[in-house]
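For reference, the structures are reproduced in the following blocks.
Look for chain A in each of the two complexes below; its partner is chain B in the first and chain C in the second.
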Partner chain A sequence: MDVKETIFKSVFFAASILSAGITLFILGFMIVLALPILKQGLFFDMLTGPWAPDHGLFGLGPMIIGTICIALMALVISFPVSLGCSFFIGILNPRGLGKWLKKIIESMTAVPTVIYGFVGIFFLVPLVRELFLKGSGMCILSAAIMLSILISPTMILFFVQSFSMVPQNDLNAVDALGGNTAQKFFYVVLPHSWKGMLTGIILSFGRAMGDTLIALMISGNSVAFPGSVLDSARTLTAHIALIIAADFDSIEFKTIFLSSIFLYIMTSFGIIMSRFSFKKRKTINET
Partner chain B sequence: MPMTENIKINIKNLWFYYNDHPILEDISLEIPQNTITAVTGPSGQGKSTFLMTLNRLWESIEETRIKGHIEIRFGSDFQNIYDKRYNVSDLRRQVGMVFQVPNPLPMSIYNNIAFPLKLKGENNKTLGSFRVEDALKRSFLWDEVKDRLNEDARALSGGQQQRLCIARALVLNPQVLLLDEPTSSLDDKSGRVIEDLLLELKKDCTMILVSHYLDQVKRIADSGMVLSDRQMKQQW
Partner chain C sequence: MIIRNLTALLIFMIMLFFLVAGNCFAGELDRFKGEKQVLRISGGTAHIPVMKEAAKRIMTFNPDIRITIAGGGSGAGIKQVGEGLVDIGNSGRKATEAEINKYGLKMIKWAIDGVAAVVNPKNLVKTLTRQQLQDIFSGKIANWKELGGNDKPINVYTRDKASGTRSIFWKKALEKKDITSRANVVVSNGAMKTAVNNDPYSIGYVSVGFINDSVFAIVLDGVKPTMDSVKQGQYTVARGLYSNTKGDVKGLAKKFIDYLLGPEGQKIALEKGFIPVS
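And now, the complex of A and B:
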C-alpha cells in the first residue's frame, strides 16, 4: 500500500516536472535561437517596425498589431454573446433548458478549428465582401467574428461556472425581498462572480491570440500595417506558419523565434494573471 | 371558528410536487391575522416547501408543480397570489421571509437593511434612514449596532445576524412574515430574544413559524399545526 503510493507519487511528480520542464525548455530554446537578433539590439525595432524583406526590414509590427486587433475584436464580439448565453443558462434557466444548452456548448469546444476556418471561407468571407463591398472579405473583421465563435464556449463555460458558485443563501435573500432577475444579477451575482469571469475572459483572449488556423485561412495574411477592420492582416501565429526560408541562418527565419517569444510571453502573462485572480477569489471565499 | 374578516391567509386544496412526487396533499387551512401559527413535524416532510408556496419562492426550483388556491387579504380584499396578473415582487414585499441560516448580504449593516428599499426603487435618503432605524428598533437590534452601521453585516454574531435578517424583512412593513426555523442555528439566549421579538411583532404581522422546538412553539404560537405524511393537522 505505502510502496504503491510512493510509486504513484513519484510517477506523477516526474510527469509534472517533465511537462513543466518541457515548457521552460521551449522558452529557452526559442531565446537561444533568437539570440542573434536580440544581440544586435534590434528587439524593439523588430517588435514595432514594418516587414519588407526585400529592403532588409524584418519588423513584426504589422503582425503584432494584426494579432492584437483580431484577438481584441474577437473578445469584444464574444463577450456580450457569452454573457447573454451564460445568463440564460445560469440565471434564467427556463424549464431547465439551460442544462441542454450547456451540453451543446460543451460539445462545441471539441470542434476542430479547421472547421471554423472552412465555414469562414465559404460563408463568412463572401458575406462580409457582399455586405461592405470592399476588398476580398478576407480581413480582420472576418477573422475576429470566426474567432469569437471559437472562444465563446470557453467564455460561456467559465461564466456559468462562476455564476454557479454564487451562494444560494444570497440568491434566496434577494428573491425573498422581491428583487427581480436583473437586480439579482447586478447586486449579488456580479459582485460574487466577476473575478471568475475575468479569468474566463483572459483565457479566451489567450486562446484567440494563440489560434493559428482561423486567422491563417481567413484574415488574408497581408504584411502591411492594417488601416481598418476591413483590411487584410497577418497574425503572429500565421506568420510563423507562413515563413518559408530555405536558409536557416537568415534573419527572416529567426524572426519566427522572436514571434514565438512574444506569443509565449503574452499568453503566459495572461495565464499568470488569471491564476492570480483565482487565488484571490479563494481567499475571499474562505473568510 | 374565526370570522372571515379575521382571516389573513386562506389555503384551499393545496398540492405540491417535486418531480411529480407529491409533498403536500390537499391541504386546506385558514390563518387568522395577527397570530403566530406554528408548523412542526419530522424533518423532510415539506415544512420549508409549505412556506415557499406562500411567497412563491419555489418557482425558481426546477421540476416543481403546484395545484390549488392560496389567497391573502391585503387591505380589504383577498388576493389570489397565483393570479397571472399579480406581480410576484409585490407579493414578496408584503410576505417577508426569514431563513433557517441567517443570510446577511456581503455589505454593511445599514446597506443590508436599506437593500429592500433600493430594490423597490425608493431613493429618498432621509426617509430611508428613518425606516432603517425603525426596522432595527423593531427587531431589537438598534442599540447593539447603532454605532457600527457601516461595518460588514457578516461580522455580527449569529443571533444578531438573524435579527438583522428580520429587520431587513420588516423594513418594507410586510403583512405576513414566514419564519423557517429562525432560532435553530442560535443558542438559547439569542433564541429567546427572537421569540420576544416575534411576540412583539404580532400587532403588525401575521406570522407562520416553522420550528422543531415544541417548548418554543407552546410559548409563543397561537395555534400549532403538524405536517406529516403530506397532511397538515391542527394540534391545538
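And now, the complex of A and C:
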C-alpha cells in the first residue's frame, strides 16, 4: 500500500513539475531568442515606439496598446452579460431552464474561433461600418464584441460554478427574511463567490489576449496607434501571425520573440495581481 | 432487353471516352508514373490556384503521389524551402541575393502576374493616375470625394511585408512611397478580395489572376490591368511567378516544375489568370 502510494505520489509530482517546468522553459526559450535585440538596448524603444520597418523603426507600442484595448474592452462587454446569464442559470433558474441554458453555453466553448471570425467579417464588420459611418468596420470595437462572445462561456461557467458554492441555507434565509432578488445577489451571492469569479475573469482575460484569429480577421491590423474604438488596431498575437513569414534574419522576425515575451509578462502580471489581491482580502477578513 | 443492351452500350462508350480522354492527358502526366513520394509545396498565395489544379491532375493520374500545398507568402516559401521544410517554395518575387547565397536556391519562373489596384464594384471611381494612387496609399487623399466619388473616407487595405503581391505593388505602382500606418492589413489575395468586396469605400490590390466580378480593377494611367495588357507590357505593375528549390531541381520536384512549364501546366496558369512564359 505504501509503495503504491509513493509511486502515485511521485507520478503526480513529476507531472506537476513537468507542466510547471514547460511554462518556465518557454519563457527562458523566448528570452534566449530575443537576446540579440535585448542586447542592443532597444528594449524600451520597442516597448513604446511606432512600427515602420521601412524607416528602421520596430516598436511594438501600437500592438501592445491594441492588445490591451481589445482584451479589456472584450472583458468590459462580456462581464455584465456573463454575470446576468450566470445569475439566471445558477440562482434564479426558473422551471429548470438554467440547466438547458448551461448546456448550450457549454457547447459554445467548442465553437472554433475561426467561425466567430467569419461571422465577424460578414455580419459584424459591415454592421459596425454602416452604424457608425466611420472607418472600415474592421476595428477595436468589432474585435472586442466578437472576443467577448468567445470568452463569455468561460466566464459564465466559472461564475455558475462559484454560485453553486453558495450555501442553500443562506439563500433560503434571504427568502425567509423577505429579501428581494437584488438583495440576495448583492449581500449573499457576490460575497460568497467573488474569488471563483475573479479566477474566471482572469482566465477569460488571458483567453481574450491570447486569441489570434479573431483579432487577425476583424480588428484591421493597422500599425497606427489607435485613437478611438472605431480605429483599426493590431494585437501582439496578430502581429506575430503577420510577420512570421518575414525573412528569418530580419529584425522584424526577431521582434516576434519580444512580442511573445510581452504577452507572457502581461498575462503573468494579471495572474500575480489577482493572487496578490486574494491574499490582501484574506488578511483583511481575518483581522 | 433492348434497354439493357443500350445501357451496356452507353456505359461502354463512356468508359471508352474516358480511356481516350485519359490517354490524351496522360501524355504529359506520364512522367509521374511509378512515383510514390510526397511533394511539399508552400509560399506565395498567388501561386496556389495553379498549384492546386496541377496537384489535382497529378494525384488523379497517380494516387500514390501526395502533394501538399500551403500558403504563407513569398517570404515563407523561400525560408521554408531553404530550411528544407518543403520541396518547392513559391515566391512572387525574385529571391534576394542574400537568400540565394544563404540557401543555394534555384529559381524557376513559370508565369507572369500583374498586380492591380482594386475597389468595390459600387465605387464611382474607376480610373486613377499613379500619383493619385500613391496619395491614396500614403493617406494624403483620404476621401473619395476628392477623386469624384461619394463623400466617404477611403479605407486602405494592404498586405503584410512578407507578401510578394505587396512587394510588387509597392515597388512598381507606389514607386516605394509610404503606405499609411492606418491601412488595414489582410493576410492573402483571397482575404483582400473579401475585404474589398465587403467594404464599399475600400481600396486594395490583388493579383490580376484573382480579379473577378467581386472587385473592380482600377484603370491605372489609362491602362486597364488585364491579362493582355500585362502580357504586352503596357500594364507595368507586373512580376514573375517563381518556384524555388534548394540546390538543383531533381526528383519529383523537377517533374512537377517540368509539368508546370509544359503545355498543360502553362494552360492551367492561363486558365487561372496568369500569363504563360512559353
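Methods note: the second predicted complex is superposed on the first by the 244 of 287 C-alpha atoms of A that agree within 3 Å, B and C clash if a C-alpha of one lies under 4 Å from a C-alpha of the other, contacts with A are read in each partner's own complex, and residues count from 1 in each chain.
Keep this in mind: a residue touches a chain if its C-beta (ideal position, glycine included) is under 8 Å from a C-beta of that chain, and two chains touch if they have at least 3 such contacts.
Quick caveat, the model's predicted, so the values are computed rather than measured.
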(message) Looking at A:Ile243 after the superposition, I want to know if it touches chain B, chain C, both of them or none. Which is it: first, second, both, neither?
(response) second
(request) Would you check which partner chain A:Val188 touches, where first means chain B only, second means chain C only, and both and neither mean what they say? (result) first
(message) Once the two complexes are aligned on chain A, which partner has more residues of chain A within touching range, chain B or chain C?
(response) C
(request) Check whether A:Trp51 is in contact with chain B, with chain C, with both or with neither, and answer first, second, both or neither. (result) second
(message) Looking at A:Glu5 after the superposition, I want to know if it touches chain B, chain C, both of them or none. Which is it: first, second, both, neither?
(response) neither
(request) Classify the contacts of A:Ser136 with the two partner chains as first (chain B alone), second (chain C alone), both, or neither. (result) second
(message) With both complexes superposed on chain A, which partner does A:Asn169 reach: first (chain B), second (chain C), both or neither?
(response) first
(request) Under the touch definition given earlier, write down the residues of chain A that touch chain B in their complex. (result) 93, 96, 169-170, 172-180, 183, 187-188, 191-192
(request) Spell out the residues on chain C that touch chain A in their complex, using ranges where they run on. (result) 72-76, 78-79, 98-99, 153, 155, 157, 160-162, 178, 180-187, 194-195, 198-199, 201-202
(message) Quick check on the complex: what are the chain A residues that touch chain C?
(response) 50-54, 62, 121-122, 125-126, 129, 134-138, 216, 220-224, 231-232, 234, 241-249, 252
(message) Going by the contact rule set out above, which residues of chain B touch chain A in the complex?
(response) 55, 57, 60, 62-63, 88-93, 96-97, 99, 101, 103-106, 115-116, 118-120, 165, 168-169, 172
